[in-house]
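Next, two complexes with subunit A in common: one pairs it with subunit B, the other with subunit C.
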Partner chain A sequence: MYHLRLVGQFARASVQNELAYRANFWISLLHSSLGLITGVLGLVVVFGQVETIRGWDLPSTLALLGVYQILAALRGLFIGPSLEALAGMDGEIWTGNFDFTLLRPVDAQFLASVRHWRPFALIDLVLGLGVLVAAVYQLATALSPLRLVAFLLTSLAAVTILYALQLAFSALTLWNPGFLFTWVLDGLFNMARYPVGLYPGWLRIVLTWLVPVGIMTTVPAQALTGTLPPGTLAGSLGAALVLLLAASALFRFGLRRYASASS
Partner chain B sequence: MSGASANLRGGWALVKATWASWMEHRGFFYLVAFSWMIPLLIYMFIWSTAAGEGTVGGLTRGDLASYYVVLILVNQLTFSTNNWTVGDAIRYGRFNFLLLRPLSPVYDALASEVAVKVVFMTFALPLAAILALLLRARFDLSLANSLAFLPALLLAWALRWLWGYWLALLSFWATRADALLSLQESLIFLLAGQVAPVVLLPGPMQAAATILPFRYMVSFPVEILTGQLSSSDLGIGFALQVGWLFVALALFVVLWRAGLRRYSAVGG
Partner chain C sequence: MSEPHIVVRDLSKTYRVPEREAGLLASLRGLFQRSYRDVEAVRGVTFDVAPGEMVGFIGPNGAGKTTTLKMLSGLLYPTAGEACVLGFSPWERRPDYLRQISMVMGNKSQMLWDIPPLDTFRVLGEIYHVPSAQAQRTVDELVALLEMEDLLTKPVRNLSLGERMKCELVAGLLHRPQVLFLDEPTLGLDVSMQGRLRRFLAEYNRQRDVTVILTSHYMADVVALCPRVILIHHGQLLYDGELQGLAQRLAPFKLIRVALRRPEWDPEGLPPGVDIVESENGRVTLRVGRAQAPALTAHLLNTLPVADLAVEDPPIEAVIDQVYQEGVS
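So, the complex of A and B:
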């Protein structure tokens, strides 16, 4: 309960902060819409030349783009801003302000993960849901309740994996404070805009097993279109659990090593 | 202030100092270069998968791979950093110090430009070579195309640099030009041969790409080198590239004069 109340307080403080700059709403709206329009137009260009690529057609790839947009929105809502304030450019690990965070009487991982909220990310959420619904209407086959359940479960796994990856990449900063590991994740996460099947074999292996950004969007989209290979649902839930535990362990291990920013 | 614009020795010293200090932080710049590359890499992979063993719009997988490898290099070379080096200097008041030097502030932007491009190339060249091998890029270069490539590349760089500079000068009036910049990013992505080579774009987008300046900042030299253009397209392309360069130059001069008169050192 105490933790939930804390989250509420953090979110409220962030909203108050953002509302001081109301013009930013329009800039965020423009940013998000432009991002979405370029994404959709990109797909239109590709599928204007070819009908399908490795079994993916325009509606199913569009559904995947919707999933990506929703994940990116959740990432922008709190996971990203919070952990970026920790491990990003001029972040707490960089400046040494992390000392004060560690002194607070709350679990450090919890505090580092939920401190900063960006309410304008909800724009991306709305746009993403819009794309997803539009894509589902265009799919060749109707959506069954069973598929919807599979979609929700795999999406849950996706969000968990996203958080675990962001935490793990942030934790790496504890070893090498000068390198922006989270920027590497930003780049790789961009690759989740498209099905892993569209990438060459070696990259598919990297994006599935090494840094599983691919699972995050490809698997929920497959669940939605009914092309989920057997065992994938359980596999992605298992992978999410393992990654979450591993990332938390890495973060804790890094904390023990942490010796502030000064010499 | 004698001969501010002719102070070549001072300008060169600035270039060397800036380059040395940027090279010191190369880890950071490699990361920046990596993140600029990602969208191009994604589309390179998608198009070469789409082509498979056949062709897409007359281009084979080897053609598409070589197009994107060169595009990645050209994009790194022409990318404009003026929003950070000039725009931020104006926004945060650092521009005061630049104006006080007996040296035009343009040198400062040029110094950063040379520095950043040298640092980026130490990252981008080896990576492009690896990609070319991995994706089995197929280059068949003709002498004429290679000779036309160089002036097109130089003009593309000049156009993108000046274009970025006048956009950055808008900071004299508005402290946030983000909206315009993100619009420009989207247009470059869609129309400058990044999402697809211009020949593969659908009709209306292809027409827009031909007329608007963005293609001439990035993909035009690449299209020349990879032999995608007929000689009449080549002539029209060069004419439009030079035309847009003059437009950018005019905008730069007008905004520079009006802006300096208006400048009153925000937060300096």
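So, the complex of A and C:
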């Protein structure tokens, strides 16, 4: 309850902060809409020429785009703003402002993960949900309750994996404060826009096993369209748990190296 | 006597810092091969601080003051040694410990930048489990002491440095910490704002009996607030005791101020080893070795038409400056 109240306070303060710059709302709306339109348009053009690409048709690829959009929205809503504030040359680890996170009587990982919210990312969330609903309507078969549960569980795993990756890449900043590790994650995350099966074999292995951004979008889209290979649901939940524990351990270990901008 | 609030034993901290040579070529080389060196920021420091005590932590830039404070507040892990604050090991950063301490830094802000200070105070009240009625009462008290009623509704980014510092103090004291670490709280403030913050800190310490360690480059802060000082230089503790004793211990000379009944006198008659600091219209200031002072005083009284004479320790700033530049023998 205490933690939920804290999240509420941070979200409220962030909304106040963001509303000080009203023009950003319209810019965010334009940016999100353009991103989505080009994404959908690209798919429509491609699937105007072919029926399927390696087993992926338009509705299932659209579902994957919707999942991607929702994950990007959640990343933009709080995971990204909070954890990316640590990284880079003006980041809190470099400047030492991370001191004020560590001085609070609250778990440092929790506080580092929920301090900053970007409410305009809710636009992306609404657009992403819209794409997902449109995809479901185009599916050949109706959405059964079982598939819906599988979709929700794999989506939970996807959000957990996204958070764990963001946490791990941000934690690396504790070893090298000026290095923008999160930019590397940006590049990899962009690859989750397309089904992992479309990539060449070696990249498919990287995106499934090393930095599992592929699992994040491909698996929930498969769950929604009823093409989930057996064992994948349990596998993605297990991978999410392992990644979360590993990223948390990395973050906690990294805290010992924090130099607070001294020397 | 009650147990000390802060116990520090042989505390040390060594940083590993990258070394870089000047020039583009060296920078490019640094992309592939980095060299490091160890910097011993704090070396075996030992001291205690009693409950309610205000201690000035002084030393030149890079002496290790802030590093020590950061270890005591749990921000940094030490390389060696021990510290116990309020019965806790600081770097374990237990919530029960962090709820009882606060650190206010002159060069860093904990305020939310684009919204009024009251909103930051509300978030902090939630973080520290301060009931809203108590938080309101504390804010009201601190705001009255700091005379800052008109600042509460302005966005923080529109405040001056001094105004922001007042807000930092309210933010740092909202949860009524028992131990307060102040790192350069008057940095960059004008003289009258420095004075106001000093009066506030003295009054707050008197009212709440809070234990304070203060670092400052302004000796006036230390003189006004801290009966006891700890001097640290090159990471080592050089002096721990009363502020007045610092001059006696570290300055090997005394100042003798003499007012003469007649302005003219003959400096040639002074014994060797005596420096004339100033001489104008019959007012003379002499600097002499501590051991020589009594003999010189007698000599002056016997040989000159003395109207008034005072033997003093040199000003604290001069002593500190000497230590910073030359170290301690």
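In this section, the second predicted complex is superposed on the first by the 261 of 263 C-alpha atoms of A that agree within 3 Å, B and C clash if a C-alpha of one lies under 4 Å from a C-alpha of the other, contacts with A are read in each partner's own complex, and residues count from 1 in each chain.
Here is the rule we use: a residue touches a chain if its C-beta (ideal position, glycine included) is under 8 Å from a C-beta of that chain, and two chains touch if they have at least 3 such contacts.
As the structure is a computational prediction, the values presented were derived from the model and not from experiment.
Student: Quick one: classify A:Val40 as touching subunit B (first), subunit C (second), both or neither.
Tutor: Neither: A:Val40 stays clear of subunit B and subunit C.
Student: Please indicate which partner A:Tyr194 is in contact with in the superposed arrangement: first for subunit B, second for subunit C, both, or neither.
Tutor: first
Student: Now for A:Leu241: first (subunit B), second (subunit C), both, or neither, which partner does it touch?
Tutor: So A:Leu241 meets neither subunit B nor subunit C here.
Student: With both complexes overlaid on chain A, does A:Ala134 touch subunit B (first), subunit C (second), both or neither?
Tutor: neither
Student: Quick one: classify A:Gln49 as touching subunit B (first), subunit C (second), both or neither.
Tutor: The first partner, subunit B, only.
Student: Considering only touches as defined above, state whether A:Asp99 meets subunit B (first), subunit C (second), both or neither.
Tutor: Second partner only.
Student: See if subunit A has more residues touched by subunit B or by subunit C, and give me that chain.
Tutor: Residues of subunit A touched, subunit B against subunit C: more for B.
Student: Please write out, lowest number first, the residues of subunit A touched by both subunit B and subunit C across the two complexes.
Tutor: In the superposed arrangement, which is not itself an observed complex, subunit A uses no residue for both subunit B and subunit C.
Student: Could you list, by residue number, the parts of subunit B that touch subunit A in their complex?
Tutor: Against subunit A, subunit B makes touches at 27-28, 31, 34-35, 38-39, 42-43, 45-50, 56-57, 134-135, 176, 178-179, 182-183, 185-186, 189-190, 195-196, 200-202, 205.
Student: In the complex, go through subunit A and note every residue touching subunit B.
Tutor: Interface residues on the subunit A side: 26-27, 30-31, 34-35, 37-38, 41-42, 44-46, 48-50, 53-54, 178-180, 183-184, 186-187, 190-191, 193-194, 198-200, 202-203.
Student: Give the list of subunit A residues in touch with subunit C in this complex.
Tutor: 2, 5-6, 9-10, 13, 16-17, 20-21, 95-97, 99-100, 102-106, 108, 256, 258-260, 262-263
Student: Spell out the part of subunit C that touches subunit A in their complex, as residue ranges.
Tutor: Per the touch definition, subunit C meets subunit A at residues 15, 17, 39, 41, 62, 66-67, 70, 73-77, 93, 95-99, 101-103, 105, 108-110, 112-115, 119-120, 122-123, 126-129, 155.
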